[in-house]
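Across the two complexes that follow, chain A remains constant while its partner is chain B and subsequently chain C.
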Partner chain A sequence: MAVETAEAPASASAREAPKAPGSLRDRPFTAWLFLAPYLALFVVFVLGPILLGLWISLHSWDFNLPRKPFVGINNYKDLLDPGSVSFGPFWNGMQATGIFTAASVPFLLAVPLGIALIMNEKFPGRNALRAIYFAPYVLGVAVIGVLWRFLLDANIGLVNFLAGLVSLPDDTAWLSSLPAAWVSLVWVTVWWTLGFNAVIFLAGLQDIPREQYEAARVDGAGAWQSFRNVTLPGLKPVTMFVTMITIIASANMFGQSYIMTNGAPGQETRTAIFYIAEQGLQTFEMGTAAAASWILTLTLMILSVAVFFIFRDKDEARA
Partner chain B sequence: MKALRVSLLAVLTLLFVSPVLFMFLTSFKTRQEAGRTPPTLFPEKPTTQAYDQILNAPDTPMLQWFANSLFAASLHSLLVVATSALAAYALARMDFRGKKPVFALIVATLFVPPVILIIPNYEIVARLYWLDTLIAIIVPTAANAFGVFFLRQFFLQLPRELEESAFLDGANRWQTFWRVVLPLSRPALVTLALLAFLTNWNDFLWPVYVLFSPENQTLQAGLSTLQAANSVRYDLLMAGAVIASVPVLILFVIAQRYVIEGVSRSGLKG
Partner chain C sequence: MSPTPRPTVQSTVPSALTRRRFLGLSALTTAALVTGCGGGQGVGGNEEGVGGFTGEYDGPALTLAYWNGFTGGDGPAMIDLVKSFNEEQEDITVESNPISWPDFYQRLPAATQAGKGPDVGAMHLDQLSTNAARNIIVAVDDVAEALELEEGDFAPAVWQPGIYNEKRYGIPLDVHCLAMYYNKDHFEKAGIDEPPADAASFDEACKKLQGAGYDTPFWMPNLWPAHIMFLSILWQSGGEPYAEDGSEATFASEEGVAALTWMLEQIEKGYSPPNVDADAQYLAFKNNKTSITWDGIWQINDLQATDMNYGIAPLPVIGNEIGSWANSHNFFLTSQAAGDQDRSDASKVFIAWMSEQSAQWSKAGMIPALNSAREEAAFKESPQYALLEQIDKLHFLPAVPGLGEVTPVTLETAVNKALLGQESPEEALSAAQEDATELMQKNLEKYGG
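Now for the complex of A and B:
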């Protein structure tokens, strides 16, 4: 295939002198024809829904009732008013999301970075190991959730059994007590998605030019100094990207708590997205749920902007 | 230093391999043995009881779920690759008014948390009469901003001369795209197809709420039904988990190079 296409330019230029690149001009609608299928999906299922969600959030929108009266910003007011019925469950969910995000993101950055550093040198079996660490990610949240619920079972789980063997407490209720439930959820999430972040970090490490390390060594830098002065700055764009997608992913954590703890103990591990899904798609109070998802989204966007500026500021300070 | 690395990697590998291994082993145990303390490592009398039972239970039709997931993920993957390749080519190679805003808009949605789409998309899918059908799993998530971004980057790297000479030979845009650009882009297309397949196969929240009938579930959503029905029957649950894992693991072993390439490139110039 490559050979065929490679021959084409030779024969073409032999026949006539190549025209200016301007000769590739299209009729104006050609580009739009190419874009049309994608844009149709994009408008109906991404752009439109973002606006529709805003519209729904301004109504008392029960999915099953024909009348969906306009209520202005009342749904938002209710979610922010300690006296309303939606306040408690929503902020309980936001708190759970906050705890989980704050507890998981540092591990989801530090552990994959550490693994990427270990893997950033050539040794036999490296690609196989990289694939093994990535493998849980392809199994999907339902499989890993069911598997770890079994392993973390308080009575017959392997984790408590192994803890007992080394004389640790062997009756921890990993999925129904605090803080054990958070430890479990964070651990499983790190186990599940660590390979994903590690692969991105590893690619970032391999993009740092070798000469920079050599220059650092010539300047007498030790391992730690070259890590601080070459590796970390070189990884910055990648780290910013990973931080952003990891925060968004952690703040959208659902399957792990749906399968492993089902919100237990009490409603403690019931995250904001869990609340939104149940409120909107089970109780069908879509107005409240849509307003809640806007509040969550705006919070996340502010956080992303903050991350962006934190990374940028450091950049300027160094320069 | 080397010894430290080897031992770290050994511990890590054990942590990753042993849970999955234990899942396989448990799925071949009897009900009693799977729930016993202290647990056994290898099944005393290996049996396929658990598989026989879940594959024949009418309320948890795992083979049907398997077929549903395979069908949905394949079609979804095809739709993602087709629509994003066409769009990415226009954005990479054609000049037209509105190109920059269109691309900026698509890229901006890369950072929009998916939670914002759940409620309105449910309403839209309901109006289209897609609730409780696999179309609801295949289509709405197919407007994949990553796909456009990823393929556009790839197309931009292709040497322009090949396309120009195809033009001089009288090919139009479509023919150039189909006969020159796509064949040269096979690795990128395969990577995107695999990533889209895996994402769809593993999608969880959306199918849990959009599919109702037992026979319409995907494997991941169905697995949570299986758990709800058999909450401490770990022999059955592990067999179900194995059935849901084996196809993706096989796919991953065959194609891991492409999958990991795709993921690792997502961070660059992100």
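Now for the complex of A and C:
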């Protein structure tokens, strides 16, 4: 995303630049020179590992063993072959990731948007509240995982204890039954990360010109109508960005289920990243893990493109 | 690696006790040398660690990196041991680096491959073969020879699994197993005089406890340590989870199904609430909310630190005879240290010294692996002495490379599913057994070829 927005003004100014002697056009290396520090990091830490991952995925790769036989596309074939022993756990993980993403993304968009709208109003204690909503985000996944694991414990947890006090069912197995485990994971993730999305929405809200609201009011628009016709369109670029990074972050969920449910019940909440980490870093089946990562990456790329088009089409339709 | 022994003329070790000890050891140089030369043929390209260990170190002063996973109640005891070693030695300083076990097994291979690993360390018995096959650790036959250690010196069954491809990779420090912890106050109130020792008396005890107002006296975990409880009962019944040669999984046998069914029954009978989450059974026990729990003896120090009135006893016989799952902490030498004669010798001095401290290690809540150490007061006065009867009937997982990674994704999941009522014990175990066998076959190919 960041790349796209950065490029647009650059190419625009290049078009307008006068063809003066000594301009960047005559010395193409100058641009490369300025880009070099970033490119070096990009190649070493992003492009290199991606390509190495592709290479590893074509081998039976255990970095501890001297023999790393080339197996071609067999790792991929195994992951896609229902008869193989990796098929079940991997697709179970993909399914878990899918369920989590589908369940968490709507909340991670709607709740932070609502909070951003409130925080955009002027009222006493606003700054304190902004800080409070953002606070959980600064905690690490290990902290929030352990915290909620104890709070949500079926038998000795505070949540069930409090539910019992107000005569609600107090025996919900929040961490080891379905769908309660998903409710817990989604709830904890929303509680943990909503601050981040809210801050971005808030920044987006503050970028919407006041005059548009005034104009809407002059035209007789109520609160709901200004929200629909001014706020939402004004937030469109921000919403697209937040949607994409939220989908990607949700699809990469690992720590919460690793710590809170450990995949229970059975392997139901074992996500794709959980499976990949286990294969690659515990079993040292790095070939399989790399192949699985590639399948997950491709899926996410397709999804991102889809989101991009959904938002873009509507934009053009309106324009 | 040169097998040339270093001259052993003078000892720079200051302590008289240590000096005597090591001078005695150096008499065994010849024996060590024989092993050193004899073991020349590497298996699977393994680097040889057998470098004619002399029992003492007279090279330049150096600092050894020592990695272990003693981060729990056993941590302080290990820190004390390392401290006394450092005080006794002039030229060797050991720097202990405790890392929780799961991280330990992830980091050790990567760090060792990168040349940033430890020289020496302690790991579980069932991980030795995996790390030997991966060329992370090297054989230490010469240390065993120099210390005159033999199978008969140790608790039964702890010696063999340390051997992989006919070489010894670990020097056992302790054995640890499961125990039954019980709340003495609850037992007294329920009128139970002694800890139950078989299935019938266990059931009776649970009923009495319920009668005394303890509604859920025995919480059944479905995550750790559920699968080692399962393994214990399986072994008690004469079953085996895995074939000794690593060719197949056999835990879905009749005995296995019976073991898991018994565990499930504890929930069905209401002795345990359903859906016991991670660690809840132990926390409930510590807080007097349940009366009996089965857990590892490594929890002893944690319970000692409370003012709880608890008792400890061998696991009751649910199968046919007394027995428990067990594991053992073993000292190892890394391939990284084996590349340097000085570091390798110094590490071996450390291993040899530690192995002699087996009795002191009882303070960590563990059972000394050496038979002689179990005669010492340090062990006899420890709480875990109550498990003496069980020590002759411990069961270890076979030395099969890669097995440690098969269990979590197969057996542990099956136990979890069955105890959460998602699948019957038969279904869960047979599906997991099939997967486990397939993974084990893959491992045979991976590590064998």
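Remarks
We take it that the second predicted complex is superposed on the first by the 277 of 319 C-alpha atoms of A that agree within 3 Å, B and C clash if a C-alpha of one lies under 4 Å from a C-alpha of the other, contacts with A are read in each partner's own complex, and residues count from 1 in each chain.
Everything that follows uses one rule, which is that a residue touches a chain if its C-beta (ideal position, glycine included) is under 8 Å from a C-beta of that chain, and two chains touch if they have at least 3 such contacts.
All values reported here derive from a predicted model rather than from experimental measurement.
In the superposed model, A:156 makes contact with both chain B and chain C. In the superposition on chain A, contact of A:50 is made with chain B only, not with chain C. One of chain B and chain C touches more residues of chain A, and that partner is B.
When the two complexes are overlaid on their common chain A, residue A:264 makes contact with chain C while staying clear of chain B. In the superposed pair of complexes, A:63 makes contact with chain B and with chain C alike. Of the two partner chains placed around the shared chain by superposition, chain C is the only one that A:283 touches, whereas chain B remains out of contact. Contacts of A:216 after superposition: neither chain B nor chain C is touched. Contacts of A:85 after superposition: chain C is touched, whereas chain B is not reached. In the overlay built on the shared chain, the residue A:105 is in contact with neither chain B nor chain C.
Of the two partner chains, chain B is the only one touched by A:304; chain C is not. For the contact definition in use here, the residues of chain A common to its chain B contact set and its chain C contact set are 63, 149, 153, 155-156, 281-282.
Partner chain C is touched in their complex by these residues of chain A: 60, 62-67, 85, 88-89, 149, 152-157, 171, 173, 175-177, 262-267, 278, 281-284.
Every residue of chain A that touches chain B in the complex is listed here, in rising order: 1-2, 5-6, 8-9, 12-13, 15-16, 18-19, 21, 23-26, 28, 30-32, 34-35, 37-39, 41-42, 44-50, 52-53, 56, 63, 115, 118, 123, 129-136, 138-143, 145-151, 153, 155-156, 158, 161, 191, 196, 199-204, 207, 237-238, 241-242, 244, 248, 251-252, 254-255, 258-259, 272-273, 276-277, 280-282, 286, 289-290, 293-294, 296-297, 300-301, 304.
Chain C contributes residues 45, 105-106, 109-110, 113, 134-136, 219, 222-223, 273-278, 280, 283-284, 287, 289, 402, 405, 408-409, 413, 416-417, 420, 422-423, 435, 438-439, 442, 446-447, 449 to its touches with chain A in the complex.
Those residues of chain B that touch chain A in the shared complex are 5, 8-9, 12-13, 15-17, 19-20, 22-23, 26, 35-39, 82-84, 86-87, 89-91, 93-97, 99, 102, 105-106, 109, 111-124, 126, 139-143, 145, 148, 160-169, 173, 177, 180, 183-184, 198, 201-202, 204-205, 208-209, 219-221, 223-224, 226-227, 232, 234, 237-238, 240-241, 244-245, 248-249, 251-253, 256, 259-260, 263-270.
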